[in-house]
Amino acid sequence: MNTQPAIPTLLVAEHVTRHFVTQRGLFWNARRVVRAVDDVSLEIHAGETYGLVGESGSGKSTLGRLVARIVSPNGGRLHLNGRDIAESGDRHDYARRVQMVFQDTLGALNPRLNIGRQLMEVLDIHAIGEHASRQGRATDILRAVGLGEDAARRYPHEISGGQRQRVVIARALLLEPSLIVCDEPVSALDVSVQAQVIELLRELQQRQNVAYLFISHDLRVVRQVSHRIGVMYLGEIVEQAPRSALFAAPRHPYTRALIDAVPSSQPGRRRAPLALRGEPPSPVEPPSGCRFHTRCAFALPVCRNEAPPQRLVGPEHLVACHLADTLDLAA
Amino acid sequence: MARLILTKSIRALLTVMICVTFVFIILRVAGDPVRSLLPDDTPPAVLDEYRERLGLDRPLVEQYLNYVVAIAQGDFGVSFTERRPAIEVVRERIPATLQLGSAAMALALLLGLPLGTLAAFFRNTIIDRAVMAAAVFGHSVPHFFLGIVLILLFAMEWRLLPSSGYTTWQHMILPVFTLGTAAAGTIARFARTSMVEVLGQPFVRTALGKGASRLHVITRHALPNAAIPIVTVIGFQLGGLVGGALVTETVFAWPGVGRLLVTAVGMRDLAVVQTIVLLVATTMVGANYLVDIAYGLLDPRIRASNSAGIPQ
Amino acid sequence: MSAIMTAPTETSEMPQRRRVSLLVMLAIGWLAALLLVSIFADILAPQHYTQQNLMFRLKPPVLWGGAWNYPLGTDNLGRDMLSRIIYAIRFSMLIALLGTMIGALLGTALGAVAALARGLVEEVIMMMVDVQAAVPFIVLALAVLAFFGNAFSLVILIVGLDGWERYARLTRGLMLGAKESGYVTAIRMLGAGSVRVTLVHILPNIVSALVVQVTLNFPGTILLETSLSFLGLGVQPPLTSLGLLLGAGRSLLINAWWIAVLPGLVIVLTTLSMSLFGDWLRDRLDPTLAHS
């Protein structure tokens, strides 16, 4: 592993923070701050898939939107190819570098335009190729994602969920971005269709060397596609590791619990599954210190008082836990 | 809840102020306000006094403030047709309009609510169709036409009722009916829709299943829930009644504020016009405000969403 | 409210089964007839609407004892009621249509501005909308007419402004919903600018709702013009309109009921037809819009 040539780093997030303020009423109290993403740092290499996993409220979607530049960070910075994305031209330019694939495919497509026109519109916006050749390009990309030519004439509601997801992926690929943020791309699909779409994503990655930020709450799916995985809890990344290391030797109790919660992902396991205590706290008032301490079976007083720093515990393996060295969470 | 009342109060006040400003602006744009608001033969000394009082040579902001103060004190100028303060002229006509309006609203409710409920209960039968057809019809016939036809039939052809005047209770029948029918139609439609929705809900079927009588179900369960949209509709209909009163009073020579407005506009008696416009505006805003508050009281969901402040 | 529309389906579960075809057909037929009459008034009307025939005053319509040369009777100056009504239809339709266009365009534009600009601009516009919604329009209309006179163009403008606030509110609501919608976010992500987003993506999806709003407003617009003219404060002689005819006929009710009643019938049929047509159109275009 050490002799591999260094893979260029595509995206770097440095201490990125994003909060939302909700306001109820004119004067009274009730200015509440939701710290959706709090001091998150990660790296994505070119051509690889970084899986971001967490429960709802963990902030993973917000992080995705930050990378896609749909929202901007309140703190910290994001760099793409070394340049701060906030200064990388306008939306128009950035669109050619980072694209996004959504969970709600029906919502992501204009119900009144047929597929072909929606694909061609992307080409029109960016003036790609000659006008006459755009229809051909659209057909090509449809074929590349496994759809026939006649799909171009259909309307979004006339095709299945799996086909729509392919269309959305095709649309994202038209601009040949170097990174695609996939926010729960397969969560709304049947399991058999999920497998097809995941396979498609893998193929496209190999062919076009596109990187993915793959966001999902489903650990099984994340396991299938990711090279490296980040686990988020209440706005923070609690553990990051290459896939095999994460599943073989997780170092954070939350990761362990997530893995254990997936039925039959660990046939013949030796230890009792680690259960989580209590309900996920509200992102508006996160617990003090280590945010996970209220549900952690191993919590100590230090966990309540101090937020644990991210520590390197293996090759590309980072954990934020006071007890990382003492706990044995291996399967 | 307190927050709701506060926000609504502020909005109501702002709305009234905007109306006042609007009138102020058109008053200034349309010409010399002093000449507009006072009779032609007012002695120049009085004109000058008014000019000074309204501060017409002062900066616009000061004029505006003076105007607002004058309005607040009830000084709307002098009606040049009757040579009396406009506010008095208008005030005298209010009882007649109130009489007509409240009777019409009462008629609309008495006709509309039961008929709408009936239609809901017997939905998709001939009763339903008949009631709804009548409602649409009542809604589409303009007040003035209905009034004229009624006069033609009842006053002229059959000589049953008087066509105009204000003295006896018989004088009220035709105008009230004219004014109230359109509102009755709309209320009936709304009541039906609202009732149909409520009656379709599971808790009603449960009650019926437990053996409650239909009447009991309607009055104890369905009506309170259907009340909310009905209250809204009543609020809307108030505006319609005002507009309808204008025409109805004219058709029946009913001595109310509506007819006064029409004649004042015809005579360009701007003092009276201004008074009525502001009076109507304030009344309507006040009525909407009350409806909003009532709404907030009736619908616990609105109360909850205002105070809990659950972040999204 | 999401502007995403599902494919139009014929739901058979409507709470109020429309007696459909025949009535709606009649309504559409009547409206079409009105349109034709308005356009071809000069050819259809036997006489000019101001032409007086003093020898034939107050003749009743043909079924009530009159002659065929004046099928709908004459008025107190011997003017042919058929011609008067035909031209009155033209004037009333002209005012209603022009007025509606003005109101719809203005209201929609303001609503769009409010949705796009947000902030203070939006607050101001919405406050104006609230004011307009609070006060019965006819009162404001009368006030303006009192202060500024009854020029024909002013009448059109005022009649047009009736209900602008409904377009504004509707457009703003729909555009706000569309802005947050998935496909707008997506297409923005793909680099589309505001102009393209508004024109290509948002507007076409809200047009049908606006069309429905036009049909909802139209009866009120007609009624406003007729009311104003009836009161003598709208269209002025020598021009004519349905409301004016009605108003003029009021004093002659005992002797010549047809002068008032016939124009009135036209008005009633028109508003009824418009209501029926509007309901039907709404059901066809988007069953999710609430019945008002």
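Note that the chains are named A, B and C in the order they appear, and that numbering of residues resets to 1 at the start of each chain.
Convention: a contact is a pair of C-beta atoms (placed from the backbone, for glycine too) under 8 Å apart; a residue touches a chain by one contact, two chains touch by 3 or more.
Values in this document were obtained by computation on a predicted structure and should not be read as measured data.
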Report summary line: Note, CA centroid farthest from subunit A's centroid sits on chain B
Query raised in the report: A-C or B-C: which has the larger count of contacting C-beta pairs?
Result: B-C
Report summary line: centroid check, CA-based, most central chain -> C
Report summary line: Note: subunit B sits from subunit A at a C-alpha centroid distance in Å of 56
Report summary line: Rounded to the nearest Å, the gap between Cα centres of subunit A and subunit C is 53
Report summary line: In whole angstrom, the CA-centroid distance of subunit B from subunit C equals 22
Report summary line: Counting only contacts in the complex, subunit C reaches subunit A at residues 4-7, 181-183, 185-193, 196, 200-201, 204-205
Query - subunit B-touching residues of subunit C, taken from the complex the two chains share - result: 15-17, 19, 127-128, 130-131, 134-140, 142-148, 219, 223, 226-227, 230-233, 243, 246-247, 250, 253-254, 257, 260-261, 264, 267-268, 271-272, 275-276, 291
Report summary line: Residue set of subunit A touching subunit C in the complex reads 68, 70, 91-96, 99-100, 102, 104, 106-112, 121-122, 125-126, 155, 157, 168, 171, 175
**Report entry** Contact footprint of subunit C on subunit B as seen in their complex
**Finding:** 11, 14-15, 18-19, 22-23, 26-27, 29-30, 36, 123-124, 128-129, 132, 136-137, 139-145, 148-149, 151-152, 156, 189, 193, 196, 239-240, 242-243, 246-247, 250-251, 261-262, 264-266, 268, 270, 273-274, 276-277, 280-281, 284-285, 288
